Amino acid sequence: MDKYQIKTDLALERRESYSGTEVEIPGVAIDEKIYKGVKTTRVNIFTEEGSELMGKPMGKYITLEMEQEAIYEDSKNITNVLSKEIKKLIPKDVDGSILVVGLGNRDVTPDALGPKVAGELNISRHLIDNGGVCAVVPGVMAQSGMESAEMVKGIVDEIGIKCVIAIDSLAARSVRRLCNTIQLTDTGITPGSGVGNYRSGLNKDTINVPVIAIGVPMVVDAATIVLDTMDALIKVLSENTVFNNIKDTIDKFDDNDKYQLVKELLEPQIGTLYVTPKDIDENVVLMGKIVSKAINKATRGNNISTF
Amino acid sequence: MDKYQIKTDLALERRESYSGTEVEIPGVAIDEKIYKGVKTTRVNIFTEEGSELMGKPMGKYITLEMEQEAIYEDSKNITNVLSKEIKKLIPKDVDGSILVVGLGNRDVTPDALGPKVAGELNISRHLIDNGGVCAVVPGVMAQSGMESAEMVKGIVDEIGIKCVIAIDSLAARSVRRLCNTIQLTDTGITPGSGVGNYRSGLNKDTINVPVIAIGVPMVVDAATIVLDTMDALIKVLSENTVFNNIKDTIDKFDDNDKYQLVKELLEPQIGTLYVTPKDIDENVVLMGKIVSKAINKATRGNNISTF
Amino acid sequence: MDKYQIKTDLALERRESYSGTEVEIPGVAIDEKIYKGVKTTRVNIFTEEGSELMGKPMGKYITLEMEQEAIYEDSKNITNVLSKEIKKLIPKDVDGSILVVGLGNRDVTPDALGPKVAGELNISRHLIDNGGVCAVVPGVMAQSGMESAEMVKGIVDEIGIKCVIAIDSLAARSVRRLCNTIQLTDTGITPGSGVGNYRSGLNKDTINVPVIAIGVPMVVDAATIVLDTMDALIKVLSENTVFNNIKDTIDKFDDNDKYQLVKELLEPQIGTLYVTPKDIDENVVLMGKIVSKAINKATRGNNISTF
Amino acid sequence: MDKYQIKTDLALERRESYSGTEVEIPGVAIDEKIYKGVKTTRVNIFTEEGSELMGKPMGKYITLEMEQEAIYEDSKNITNVLSKEIKKLIPKDVDGSILVVGLGNRDVTPDALGPKVAGELNISRHLIDNGGVCAVVPGVMAQSGMESAEMVKGIVDEIGIKCVIAIDSLAARSVRRLCNTIQLTDTGITPGSGVGNYRSGLNKDTINVPVIAIGVPMVVDAATIVLDTMDALIKVLSENTVFNNIKDTIDKFDDNDKYQLVKELLEPQIGTLYVTPKDIDENVVLMGKIVSKAINKATRGNNISTF
């Protein structure tokens, strides 16, 4: 992966960066469906080539997009849709508890989704033999001194775990996706992803059990905001004939080149900044409730031995 | 004031926007001093003309700038300097309590400075006759349904108040000022200022007692980040002779024109976004302690009747 | 009122202290009703004599008692019942906003009901002319340096207020009432009531507008626990003939005498202690949601001018 | 251990329950010292007999007691004394990181000491090879679904740990010890101890590395309050000759018998209640700072390999 590939944790947005050309991406299957105001997009990356082109591990990526009003007024419907998708990803024929990992920093509003969700779960492992739900909030590295993956692996090895559900705040490419999109994947957490840019992955390779990741975009990279504005500016300028040559020249660069340029111009400050909506506090609470309720619903009944 | 004047709550930065021309600004006196690693700049706006040129009310603006390391390692020194400046602004020959107003939203990290400071004060009005310190955290309008100024005026009218000290998170023009600058002023809170863009002012005109405002920049306007990057980009491009005409043309615009252009391109999303450092949670706690300790020190002894 | 009258903020419990004699209390009317698992008791104190006997101001006291399971499983029903009772107490033919006052200390779990409720309201005064709902969280005296009544009076005088709804954590006489009882009254907050023992009242007399108080018992007085145990102990001892005279002698004292004795023995430490359930954090969140939803429902539509 | 042995997590208080007889306890050595207003008591349990008599595991128990004013005004001195005691207990000749475990429930004020301390540590394991400090806040069983010991064992097994420092809120026997006493021990956390009554121990036996436990008493058992008052009551009554026989009869019971009686009378409610000071929020913050600073000081330099 390029040092400066445009930052997005959404497979959906990675897919869109190819949409101008409208060609199919080899090894990647897409499926869209709209039901009761929730648009569900399934991106399935099924070959190594597809994985490389998308800059994401092979696996399933399910994205739910909803209208802002639906979040306020029909959260029950969203919870139901999300719950069904979570249920499909939980292994059926394996015994053990489900461990929910609330990633992120509870003290930084846009990074607090994971801790918020963990705090609203129906915890039951201590009441149920070889089943139920348990949870951990590892904190970020500056708080714990550990990679979340290390902490989770230790816990998974100590107790009988069927699968991990990791909750995290994500970074999106586009401002209009903030706080109204939920991504599920069976590929876990990839290094470099999330608001906190995890250094090591949290997935089946690192902790030996399946990892379902659920994320909601809460911030955008400052550089993408700059890039978008510049594109708009150049479009405006190029309508003036004097500047025709700007557009021609700029058009020779592809998006990643332009992004790299902006990144370099913004460095070093850019690494230390994020852009987030002003009503982020409300949104984190709202999305936290939707995600926790969906997990509670999807894991109800994880107490019946499969033997 | 222009609809799109570059957003900064710091008089210091407003002053700097004229520094390229290096002329004196009529009606504005500047004084700088560095002492033990803290740079103190006094901007005194003493005529209506100066006020108009600076886009700020007439009065004193004292800015303390410090090295990031000093904040961690020599916070006592900063507290002392700040405490002395606060003390100078508190009216001497008036009786009554001092009301500290912790402005902002305690649930949004970069806007939580005011509530944090209010929570660490030595409160004493209930112990002292006609003196002492009291405090209120009004919340933002979406939480209270009131302008902070309305709530404060009601309280001030009900009890005997000598002066108000209003604490607020500010917006800066420049990323490098975030979390390491403290501004004091005797002009109170101006409409449109702060992270929350107060609709009505909190100053002697609105509440009939002197208002000292203490603020720390915690966010920058998304548009200024774009603007800065564009400037850097254009500089780079113009080194290429093909683009000489860009720089010439762009140079014809002044900063406010360019800012207006960027604002328009970013609208409507820009009004709903802010840019903030990733370690903002630590910084709010740190600066909150410095400001609360300085107020505690400056107000110690507000219990001796002046009769 | 005696210095050592048994502490309870519930009119219901004050009434019960007379129930042994099973006589009617002059000037006090009682009415009970059970509907869908919620027991509603109306205590109406309508004469000065009744007020003196009950140790509570004249007015209406409505108590809702519910099964612990109902709180978890049928909170919607409780919300509806509570909402209707609130609506009945709000003045109909008066114009202006409704001010909700979240009393108590947000940092002390059993005293945080008021701030929790205030944080979940649908705030609308800033959107509606001469109507809507606004809110304030005054903090306790050690945080604000002011009586809550002073702060509220200031705000009420400044803006047009139709009535105040004050939310508070209460002290109960009996452990089994904790966290499952809601009391509403049109008499406001009485001096000495609440977990924090308010020094001055918050009622029509002090702030000139009607005050509806809604409270949930969250703590019991340490002394009542001692008293109850002692009673049980003496009953056990007196079954042994050697101690017959204890019961006889103790029976000569009435409850308030015994309480006074225990209070004196426990002083000075007793004033600084409270007794609270171990799962108080969950209960405060749960009851906070029920109360805030009921207020939201009862005040919906406070935007239609009555002229 | 009896079902109803008087609850105290302080070895000091267990020792005092024998002090009436003023005999030495076999297998238990005591040493007291007062220095700069801090009274340090060392209880060393060095035989199995001593362990049984004290109802505590064999090991060292160091208790620091200070005046309430000293906590406010000379916290630096307390931090220094505590830091030295912690340093003595950390193994010298072993390599690895130190894991601080912040036990308890962050949402319940008197049980939040552990999480508060963990949040103020200088975390360094991620910066230092085979050394430094790391931290985890496991949450209580209802939040995590796991015994804290399970979670900690998993983490300890996964990464190289030299020793664990476990921080916890304690239960004291006496109200006057609340919030002004710190106990350190090299025996870790015993089952049944703490505000939360841990079901399984967190000590060398369960996690295979040395466990230092640091605790501050934040609550007292409701039954001990009753017991103390009853004792005082009986003393008062027995001054009346009519009741002489009460005192004589009661004196035949020892403290544990009386405690058992009270417990039985209070059951079942007693298991679900705790008694705590009204200013507990301030005290938790204050003691949290003292403990975290002492750990930071004692562990500074855990980065020099011992090879």
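Going in written order, the chains are labelled A, B, C and D, and every chain counts its residues from 1.
The criterion applied here is as follows: contacts are C-beta pairs under 8 Å (C-beta built on N, C-alpha and C of every residue); 3 or more make two chains touch, one makes a residue touch a chain.
Here the structure is a predicted model, which means the values were calculated and not measured.
The minimum number of touch steps separating subunit B from subunit D is 2.
The minimum number of touch steps linking subunit A to subunit C comes to 2.
In summary, the pair subunit A and subunit B forms a contact in which both copies contribute largely the same residue numbers, shared numbers making up over half of all those used. The chain with its Cα centroid farthest from the Cα centroid of subunit C is A.
One rotation lays the C-alpha atoms of subunit A on subunit D, and its angle is 180 degrees to the nearest 5.
In terms of their C-alpha centroids, the spacing between subunit A and subunit D amounts to 42 Å. Computed centre separation for the pair subunit C/subunit D is 36 angstrom, with centres defined by C-alpha atoms.
Centroids of subunit B and subunit C (each the mean of its C-alpha atoms) stand 42 Å apart.
Multi-chain contact residues, meaning those touching two or more other chains, occur in subunit D at positions 142. Taken chain by chain, the contacts form a single closed ring in which each chain touches exactly two others.
Screening every pair of chains for touch gives A-B, A-D, B-C, C-D. Chain contact summary for the complex, subunit A toward subunit D: residues 97, 118-119, 123-126, 132-139, 141-147, 150-151, 153-159. Those residues of subunit C whose C-beta lies close enough to touch subunit D in the complex are 105, 107-109, 142, 175-176, 222, 225-226, 229-230, 232-233, 236, 242-243, 245-246, 249, 261-262, 265-266, 269, 272-281.
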